[in-house]
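Both complexes below contain chain A, partnered by chain B and then by chain C.
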Partner chain A sequence: MKREQPQSFNTISVKERLIIPRQVMPEQDPLLRSGNFLEVNLGLSAEQAVIEAQRCIECKSPSCMDGCPVSIKIPDFIQLICNKDFLGAADKIKEDSSLPAVCGRVCPQETQCEEVCVVGKRFEPVAIGRLERFVADYAMLHSNGSPVTPDKPQPSGQKVAIVGSGPAGLAAASDLIKEGHEVTVFEALHEFGGVLVYGIPEFRLPKKILRQEVANLEAMGVKFVKNFIVGRSMTIQELMEEEGYDAMFLGLGAGLPRFMNIPGENLNGVYSANEFLTRSNLMRAYEFPEWDTPLYRAKHAIIVGGGNTAMDAVRTAKRLGAEEASIVYRRSEEEMPARNEEIHHAKEEGVKFMNLVNPIEFIGDEQGSVVAAKCLRMKLGEPDESGRRRPVPMEGSEFTMDIDMVVIAVGNGSNPLISQTTPAIKTNKWGNIIADEDGRTSMEGVFAGGDIVSGGATVILAMGAGRKSAIAINEYLKTKVWSVV
Partner chain B sequence: MYKILKAEFIAPNVKSFIIEAPHIAKKRQAGQFIILRVHEKGERIPITIADSSPEEGWINIIVQGLGKTSAHLNTLESGDHLQDLVGPLGLPTHIENWGTLVCISGGVGTAESLPIAAAGKAAGNRVISIIGARHKDLLIAESQMAEVVDEVRISTDDGSAGRHGLVTDVLQDLMDEGVKPDMIVAIGPLPMMAAVSNQTKAIGIPTMVSLNAIMVDGTGMCGACRATVGGKTVFVCVEGPEFDGHQVDFKELGMRQKMYKKQEEESHKCFLEKQMRKIKAEQVAEEV
Partner chain C sequence: MSLKQQIDSMNMNEIVDLCIDQEQQAIHLYTMARDQAKDEHAAIKFQELVDMETAHKVALQKFELENYLDLPPADLKVTDYLMEPVFNENLSTQEILILAAKREDKTAKMYQDLANHFTSDKKLNTFFQMMADEELRHKHNLETEYEKEFLQEG
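Showing the complex of A and B:
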């Protein structure tokens, strides 16, 4: 989208702006929060948000926008905050992002928009994520829960099915309903939101935000169908031929847990991160027995991995009462893919980090429950294809530690359900659906985006992919011209 | 919400439900299951689809009250609703004309093997059903079974009906009589499936078992349902539920089924206490 030069509402000189300290977001005390599932970050106050907004020096060619995968007009919305026009700021963000309350919370800002913020070169970068979160929350609170529904568009007479209600699917639905299409979202689980409801914990992303987003889309006319697994309940062909869908968007996510293929992985107490987090988040096992789903409550839990998923799992284990909850990661902290804030928060909450360690076997008792982990110490060798230094085992470093729970958080592959039941949709050797820039797959009328195409990535990238496909779907519905992938 | 059209006990603690689910009824094939949640705070449990009517849009499930969720489910009556219901899940049973098919079942496994026996018969097999139970009151679905197969044989642990003994004894009797099974499908409690697999492995009769692993999503996303088959880890919900019984690590699966034993007991106790309080409250209300 073309951007006009924004109006400045900042009356402070650049020099003065640079000496304003980055505003600290209040958060729950670490001791308190490691015993509850309430949100850790409490959000900036309106006063703080305005002060933080004043730190932006309104760059002529704002590099922050290049750092944002969906090019949110960052200086423009920040100027509106300076002017205390918070709803205006929210609308400005909404031009490019459909889930600002989510992305403001979970984007890895330090490697995206904030990494390249000019102020950050000499001082701390403008807290773009926190400002985004602030205006999104403000808008949710002050629009009385009802969305700013633009006038109902002229019905197009076309039907679009969205499969999967993660950020990719929700973003596509939001853009397509505005074009007057009949839009239905099909979701396999009994709640909508994808990883945002079953994976990312309440203490980082409250479920009520997702419920609100879904309610907004419903108010705009999107139909939501839960407990419906495309490929089993109905296939893609059946939806198109029998139910008359003219186009489809597949936002299936990367829902296939990877294991390490080492002995003892099927012992009781050894979980995939997906299972552990699903039981806790979606099924609310942390409220057992008030809620029916059980979950191990460990004394000493280890979580294998170094990404956001591992941090979510380790902090959940801690909250479930573990005396000791440790991250076991085969590289060093520098290589950890998790957001800085999560690592920082985990440390504050008393999580132990065992870096440069890799488990090679889990040992069980007679009941088949895990009681120990055999590990090797690692050192970093030459860089591998990913550019990160490859961990190599140190000879004679084997050691065993007593533990009673393991969560394997070493990444996700692609769920093969759709590709198995719809061979016309081509996948690559990792099982990801092959799609072009706009999400066109090898089957006419079927688009795909998000983790199912890219492999496990980020919320903002999935959302961006959903929006890109929505534009292409629109085009396709108008012209019915299909370019083959 | 999914409406219960009919509910009745068919044996002590075993209830049969007819549930409105037109989409599932239309699609389901023998061997497939659903996952349901009874109420808002409920867990997700897998239950086999025993029967269905695509025309009338219902499915039939048969539930044994074991722990909290199944016990709660079995308190529901016709007109009540289930919170969630998803399916059909799992791969359909692979059916062909093997020749002689022996379906061995115990407990609610008999309801689960009904559609397979019927499909086997329709494919041209001679089908013999062996049904086992501890006591004659615990036998279910034997008359429905008799309607679809060539022959039904029964065994009870205490001799109250049929042969006094185990299903494996009946299988031995059959073979002693000269019957040569070409295929065996065993569905029921794990120890029973393990015993049958053990018996048939020695004599080389292909045997299919239906694994009842603990599940959460049923879509292959979580890995809760993993089992070891032929030395490899499988996800029962998407690669099964049926597997070659000779390849299954029953010991591991048995231990995995007991993963939450302590918590399940706690949850069940809570539920029973709540039920008791409710009954007492109703009694008090009646007296007043």
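Showing the complex of A and C:
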């Protein structure tokens, strides 16, 4: 279907637009911010946002939308910004994304919408992510703190349970409540938001954004139940049969930390990224002693890995007072899966990068605390399936370094609790739930999406999966027709 | 008598039989593990290993070794420094991959050792070299799978 070109509000010629420089987003000073947990990026001003929006050249076939996993109508919202209709722009984004203030902050735009932006072929791409963040923040601020609640729909008389309050669960809840269903979100932890609250630190994504999103959903009628572990507090069958849920969405995430299986991983001072970040983010270790969660202030903390999780952990370690905080990564910087911005910020904050290095053993003292890491130097070999060059150990390159804290951030798997307590839900060999593209699982009425299906991925993909399932759940509740997975 | 001395006194058929026996031991071990595994996916993984070793055994029985003439891919050494899990019924897929890769590594080293020992006997040297390379190929495949799933670095 041909897309209708949005109304243009840009009065500047294309030639002139191309010479406007990409607007720089103000940031906290690196020296200052490496000692606090306040947000690093400070957001564009309204003036900057309009100038940045004017850089869009209004392509006839805009590739930016193809680069967005949920096809946000980017050209349309950018034109609304040119017209200073910021609330209109926010509404336009909301048509396709439930969490723009989150995605504007954490999406890897450089490998999505901005990577394919036509302006970016010769100049710097339009800062789509920063514009998204600007309008989302503007809308939050100008709703005067009171949640934006659409008119209440006719009750459908049907009950839907959402398990997990990460982006997949929240997106599904948001779309399902608008259809008049009774929606309850069950969350194992004591805060809602999934990785967005327990994983991604305050300095990258302030928790108040999630709290506002949850408050909006509550105002729309979504019920939230915390400290409730489905599979332990109650099983899926019990919820369906005894509590009368007609359908269920599982957005359980991939929260099971993976370890390296090298000697010394059980020493004191060796954490999984999951535990380390949860202690800091959710149990407020960074506000110790006001909050009673101690986290060791290291002399030299090493974080093993090269993804967003590793960057979040290393920057957290630095903020918690580590004298030296280093990334230890098997490959080179080019292969790092972390967002460029996070790598750049980490470097500015004084994080040391030890690339092409792989720990092979952690050594402890008599008390069982880690005191050193034995490592190997690596070199890059042939590319693997993903196209990244493979690291291979260099003969005789072994060395030992003094450290007193380790955070392992090599990836996460899925928690086996649901597959163990509900065998009717089929999983693959890695423990991910098997679901069709609308999220239908092998158990009637039960849908799943986000990281629990795809394995560790991104916020926007999880959100997109939640929305897709919401459509399918709605259809199922109307027809009660179930196609077997 | 050491393995090398034993082989010195064997003819080619007996040597091949010895290697078949090695493969059979692996098949036996993985079959037992498959039957004991509590997790359905662990059982599937063990079955894959049984299939891999059976294919190797059949090739040896038929003496169809042409497929093994290609040079092995680089040794990734991904699992070399990892702790070897002890066989039990609750092994995870991650542990099974480590265990199997380490086993292939040990067998490859044994064949390589034999190849090095029999440098003056061209036929024996080539045979053991091919066996060693094949075991390294298995190790490579297992480590590739391990790397893809357990070292995502996300």
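We take it that the second predicted complex is superposed on the first by the 481 of 485 C-alpha atoms of A that agree within 3 Å, B and C clash if a C-alpha of one lies under 4 Å from a C-alpha of the other, contacts with A are read in each partner's own complex, and residues count from 1 in each chain.
Quick note on the criterion: contacts are C-beta pairs under 8 Å (C-beta built on N, C-alpha and C of every residue); 3 or more make two chains touch, one makes a residue touch a chain.
All figures in this text were calculated on a predicted structure; none of them were measured in a lab.
Touch test for A:Glu348: chain B only (first), chain C only (second), both, or neither?
After superposition on chain A, A:Glu348 lies in contact with neither partner.
Quick check for you: in the superposed arrangement, does A:Pro257 touch first (chain B), second (chain C), both or neither?
Once the two structures are laid over each other on A, A:Pro257 reaches chain B alone.
Could you say whether A:Gly431 touches chain B, chain C, both of them, or neither, answering first, second, both or neither?
second
Touch test for A:Arg232: chain B only (first), chain C only (second), both, or neither?
Touch status of A:Arg232: first partner only.
Give one of first, second, both or neither to describe whether A:Arg330 is in contact with chain B, with chain C, with both, or with none.
A:Arg330: touches chain C, not chain B.
For chain A, which residues lie in the overlap of the chain B contacts and the chain C contacts?
No residue of chain A touches both chain B and chain C.
Inside the complex, what are the residues of chain A that reach chain B?
Answer in residue numbers: 188-190, 226-229, 232-234, 255-257, 259, 265-266, 268-269, 271-272, 274-275, 278-279, 283-284, 287-294, 367-368, 415-417.
Applying the document's contact rule, which stretches of chain A touch chain C when the two form their complex?
Against chain C, the touching part of chain A is residues 258, 260-263, 305-310, 329-331, 336-337, 358, 360-361, 376, 381-382, 384-385, 390, 392-393, 409-412, 427-431, 455-456.
Which residues of chain C touch chain A in the complex?
Residue list for chain C touching chain A: 41, 44-45, 74-77, 80-83, 85, 93-95, 98, 144, 147-154.
Please output the residues of chain B touching chain A within their complex, sorted ascending.
23-24, 27, 37, 41-44, 68-69, 83-89, 216-217, 219-224, 226-228, 233, 238, 252, 255-256, 258-260, 263-264, 266-267, 270
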